[in-house]
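Pasting the structures here.
You will see two complexes here that share subunit A, one where it goes with subunit B and one where it goes with subunit C.
Showing the complex of A and B:
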């Protein structure tokens, strides 16, 4: 129980830090730590595949991409954290914590849960046979992202 | 056949950047418009036959094997597919001339096709998670398209749009996660059945609130509208047309109503919330539009107001109200698409969007001025144009349902709409032609053709409104009116 509360508090702490930190590197590291904790929570809750993806893709790959981008674009010099974010952080943390405790505590007992439905089976079966259309959608999201990068980083020669 | 609506634009988008290496303009123009035309013709011809005996869940097979992809088609999804293909086709034709000055056309069309894939996928999905996924496909493409001009204003608008839109997406995803946790499924039928078995009103109410916030933000309903008046005017004109004409309706109104009607089932409380949200949007945005000096910004506020009419009609929940709302969805898509395309023609000819700097342009741009007038009068609700009939249906439905206050407010807001559209027409096209616009020329061929097609549709649908309602609107309205039963009947919807 204490372990769970610690993990959830850590998740909340690093998620809020990722939003409030002005220094992009600190922000990216906070996000990676939040993802790592989320990955551990997934493992503990019996969702190993979700945990593996969370840690490898979000905590790993995306953090590397963030770091690379920051390294390639940063003009240099330290970013000073503003006083507002130092002040806002504890308020924000306590507020989110309180909402979480009261709202979720009130809501959770009201959530009735049904047994898992038709979409059960091994991970491969679910991914390749039952959720094939999701793969098409994910392919489309990736393509849209690639075209967005091509569009936003193209040469602006002819635009008037 | 129906998988073509997702597969074809996706495939052509994937090869377009390569095609762009061979031909910078001609082949991208041809390929993209070919896809739009094919899908439009398909929707008109074979789509209706497909759902002749009711909604179908079509399984996509590849080399004799079932791929596990099942797409659900009913009257509403077919109607939306037709509207998407029609507006995208007109936008594609218009882009042949308009996008000449924006550099790479292949990437532009690739993004436009991806947006179409996203919208089509969303309309054909029979599963909450797929709705979210294709919502994101369309959204990612639209962020890039809003910023396509790469000027400061465009990038800022795109960033604001992105930030608000991801908050909306997060709310939608949280609601889907809660529903999945409760019912153990995300398919429309499984969720509808699961929720019926659980009878968990608190959780459904919480998820409804999250969906209302998420999809309401995507549809730019007041008070979630802050991003739209920046994002839509900043985008290139054809993109403004597709965002205002289609995207807010597909990723906002369609998704919201599909889930509320066919998955959750519309409750009286939800109906009341939808109607009043719609009414607040109608009134607030109409008054905000009146004082706008920027032509495209005025049109953007008008979109928020008109989406309010759509939500008001559909939210009422009676068959006539739903039919009126859906009919207005189509009429507004056509007329607002037309007006945004015309605003692009004016901006390209004069270099400004400020209404105070224009004047008398009808003498130099008669086609643009004439088609603009048709679009403006249709949206305002002047007979015999299409917009008149849809607004009339909504108001009759409100009166029938004893919602007199809402009916009166809807009529009064229509007068405000007429007021600001007359300001727009007078300032831009009528009056004395200013000296500096003496050399202004009418829009080029493809741009004019696209606007003329849309204007003719506004007039034609107005004249043949009974046939349009019978063949397109009624089947779409029936799909929503059946409520949760529609989802349970075929295991998809």
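Showing the complex of A and C:
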């Protein structure tokens, strides 16, 4: 229990660092560390496949994409964030936390839990047989992403 | 198990708050996407945590994997868009995007 709280606190801390750090590279690295901790939490919860995806894709691929974008957009220069926004952060965080606690206390016990049978089979059976339509959706999303990136980086036509 | 679930939901709500703060206050376009990433971390934590508490981890895992694929696609497209924006406006500031030119 204490280990879990420590890991969750680490995840929150690195996420806050990612948002509040002034240097963009430090932000991207903090985000990768947060993903790494989230992957470890997934492993501990008995979700190894989600953990592997989280660490390899989110902590690896997305961080590389962020680094690449930061390197390519250096010409953009620094953007000054307003000083008030940093001061507002603790107030905003506590306010959202209080609202969350009240809503969860009031609403969650009233929610009816849907009865369902115990989960059987392996992960492969659940993914390939029960969630087949999700896989079709994934393919469509990947194709959409590829076409979008191709369209955004296409060379300008001389006739235009 | 249920206490763990409340704890995980609390932390995912906190992550959501952090991401929402970034989306509402930041001016740097890349920072906005870091905020979006933080929100997506909160959502996937809530999904796996709920699956863990209700003994449906396998289903939660497959949903999280779908979510991660969608997330990567969104981030790749958005970062390509950001590079194009910087090439046009020479700045990462979102306020510069308000100046529309016909």
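We adopt the following convention: the second predicted complex is superposed on the first by the 104 of 160 C-alpha atoms of A that agree within 3 Å, B and C clash if a C-alpha of one lies under 4 Å from a C-alpha of the other, contacts with A are read in each partner's own complex, and residues count from 1 in each chain.
Heads up, the rule we're going with is that a residue touches a chain if its C-beta (ideal position, glycine included) is under 8 Å from a C-beta of that chain, and two chains touch if they have at least 3 such contacts.
Only a predicted model underlies this, so the values are computations on that prediction, with no experimental measurement involved.
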{"item": "Subunit B versus subunit C as contact partner of A:155, first or second or both or neither", "value": "first"}
{"item": "Contacts of A:70 with subunit B and subunit C, given as first, second, both or neither", "value": "second"}
{"item": "Subunit C versus subunit B, contacts on subunit A by residue", "value": "C"}
{"item": "Which of subunit B and subunit C A:102 touches, first, second, both or neither", "value": "neither"}
{"item": "Subunit B versus subunit C as contact partner of A:133, first or second or both or neither", "value": "first"}
{"item": "Partner chain(s) touched by A:24 [first = subunit B, second = subunit C, both, neither]", "value": "second"}
{"item": "Partner chain(s) touched by A:58 [first = subunit B, second = subunit C, both, neither]", "value": "second"}
{"item": "Partner chain(s) touched by A:144 [first = subunit B, second = subunit C, both, neither]", "value": "both"}
{"item": "Overlap of the subunit B and subunit C footprints on subunit A, listed as residue numbers", "value": "113, 116, 118-119, 130-131, 134, 137-138, 141, 144-145, 148, 152"}
{"item": "For the subunit A and subunit B complex, residues of the former touching the latter", "value": "107, 110-119, 128-134, 136-141, 143-145, 147-148, 150-152, 154-160"}
{"item": "Parts of subunit A lying in touch with subunit C, wherever the complex brings them together", "value": "1, 4-5, 8, 11-12, 15-16, 18-19, 24, 27-28, 31, 34-35, 38, 41-42, 45-47, 49-50, 53-54, 57-58, 61-62, 65-66, 68-70, 72-73, 75-77, 79-82, 85, 88-89, 92-93, 96-97, 100-101, 104, 108, 113, 116, 118-119, 121-123, 126-127, 130-131, 134, 137-138, 141-142, 144-145, 148-149, 152-153"}
{"item": "Residue ranges of subunit C touching subunit A (in the complex, touch as defined)", "value": "4, 6-11, 13-22, 25-28, 30-31, 33-35, 37-38, 41, 44-45, 48-49, 51-52, 54-66, 68-77, 79-84, 86, 90-93"}
{"item": "Subunit B to subunit A touching residues, read off their complex", "value": "6, 10, 13-14, 17, 67-71, 101-104, 107-108, 110-111, 114-115, 117-118, 121, 125, 127, 129-130, 133-134, 136-137, 140-141, 143-145, 147-150, 178, 181-187, 190, 194, 197-198, 200, 202-203, 206"}
